[in-house]
């Protein structure tokens, strides 16, 4: 622009005016107010009037319109304006970059079996923000497709999922990168947060509870970080697949209980870190299948059915500094072969002693009970749980290991629970 | 129950209570439960640990104590049988006079700490009731078995040996057979057979009923689902209750039959 | 009148009673004697229903025993060694027996007083000496003024004073018209107490008659000798 200005030898007033307008557009950005009884009574009307960079303030009211945002605007709700899909329409589609949507309520976009209908679809738009909104009873709530830099922050997302086929995900991201999902509360959807082909995402401080299937579900989503989230009482817990370079720190996986529920299911996950998480009261704390080079440390496994179930096709995983407390089974596997290392964990089932007072037990701990091997081979055998016979067999096996993996052993079990 | 039986129960009751063993038994459960609460914390954990003890200790103590008790009651029986009363009344009176204090002792021992500390969730209340019910039934059953054994064998040491063997049979050997069957026929759907086998052993039945309450069912996958379906249904509950009751009635009936023919 | 016919009982291979036929006269003291293992105690216990006979019948005053326990209201029994629930006190045992007996009418507490059992009333049985237990046992046998008294070695373990008191009591009851059946190994006691002697050997009645006739027929003056003669004769026969 400056180039144009100075290169132009003849400067006429009209040109100058246009230039000035162009130049000061950001400063002159207008604010358009939408009220049900106002001059502008629909968001579509406001968008017609708006230019890139304008701010649209919606002051209360219920709006029953489908909106396609193709201008880079800021849409802000005051006094809880509600967009009602009446069970029959996609409510917002955002196709422009830098759009931000704050303070709105979206309700009932309705179920569709043909399209992935949602309250907000961000479709190929960069750097959009969805913040402090409420989503009630939608099929999908926020759907991100081929969008980079999106920020989904502090939204409340509540569905009424009845069955997996008739419900969509809370936050759904497909082919995205550099996205941030922070501080949302998500419940009653199929999956709370779903990532497919997402790169470099940050999922932080979300609370995903009571979703029909998974609290968090991702696949093919490398280099993503999951911090300080709570995944609680979801139908099948959390399942993550076909991904590398994942970081999961300080999350809580709680009370995902059921015959096919997992605190955290890892399938084909490699080169990742799972640190300082809490696994409390899950049927299975961590289930790992074909997952390699995982650093699993500093986690608390409390009162799970199985704290860790690791299949023998997983290799070079490293479990250290974890607390295993009051789980029905600490570690289970499906073979005598083991290619993972356990060291310096605390095991509440450990009965050894520490004569040299170095804080580590002098006797190695075998966390795999014979009974858990038997159950792995033959699930109905679990009905024998807490039978005296089983305790005796376990005792015999711990003295003369014949069937449990010899190398799956913690040579230096902690004597005290790691704080 | 006739008045003579009631009188015998009354006297046995004070006799048994005064023998201190019953008080020690109750104290054991009280201290155990209390300790578990102090160290274990949550009521679910306490119940889990306690159910292990109940399933092992209650049958063992009851069958051993019951056998010894009846051998030691020989004089009392002779004294009573010289009086105008029926053997059935005496047998019933002896049984009730032992079973009632033992169960009271158990219920108070386990129940008091739970009353003091409370349960966290109402779901636990149900599991707790099941724990108490299991304990009570195991007491009824294993005292009945003890009565059968000590009426069947004159020799005290022999009877005691048989009692301990029976306990091993119910607590360990039976499970060994069951486990090997589960293995041998692992290609077949075994759930119903396993349920049937469970019904045939009171210890396994009590254990399974407790497991179902303690949410272990979810760990069992499909098997657990089948089990929950059975034990969760009214029909299943009725069948379980009937099976447990039969385990009281059959040994008592056989025992009484022998007792009536017995020479003193 | 107690009538026993064809009574047989075996414990396993051992035939203890091998066809006993016996009438026990009312108002008399009948002593049952015989060597160890001759079946005395077993016979007494069949009378009480403590032992079930293999065959044969017992009838009391013409009514045969059929399992109804009420006939035992007529019987007072003192076993060889009176044992009681160890943790009950004397008074509780007495109360228990009274409760079970449901006896109406006055109790016979003569022995209770003579034996001075009141001193031991609140003591648990386990603290009592063997003699005191026997005293309690005897007291209970006489307590309900039964028609028939069955006493199995009544004086064994009693001190001489108590023993004499008990023997006096037996005589008084006999004089009062009650039927007494007793066993003993002490011949002088039998001589002093009994009217009729029943001698058992190898599960059979070997002699049944009055004491006087027995001594007379043997040509001895002492019962002990007479019985020894009888046994020798039995072996010969």
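Read from first to last, the chains carry the letters A, B and C; within each, the first residue is number 1.
Basically, a residue touches a chain if its C-beta (ideal position, glycine included) is under 8 Å from a C-beta of that chain, and two chains touch if they have at least 3 such contacts.
Treat the numbers as computed from the prediction; the structure is a model and nothing was measured.
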item	value
Chain whose averaged C-alpha position falls nearest the assembly-wide average	B
Identity of the chain that, by mean CA position, is farthest from chain C	A
Distance between the centres, which are taken as Cα means, of chain C and chain B, whole angstrom	42
Whole-Å gap between the CA centroids of chain A and chain C	91
Whole-Å gap separating chain A and chain B, where each centre is the average of the chain's CA atoms	49
Complex contact set, residues of chain B against chain A	44-45, 51-52, 55-56, 171-172, 175-176, 178-179, 182-183, 186, 190-191, 194, 198, 204, 207-208, 210-211, 215-225, 227
Touching residues on chain A, where the partner in the complex is chain B	257-261, 283, 303, 305-306, 326, 328, 374, 377-390, 392
Residue numbers on chain B that touch chain C, as the complex places them	4, 7-8, 11-12, 14-15, 18-19, 72-76, 78-86, 261-264
Chain B-touching residues of chain C, taken from the complex the two chains share	9, 11, 45, 48-52, 69-73, 75, 77, 79, 82-88, 92-93, 96-97, 99-101, 124, 140
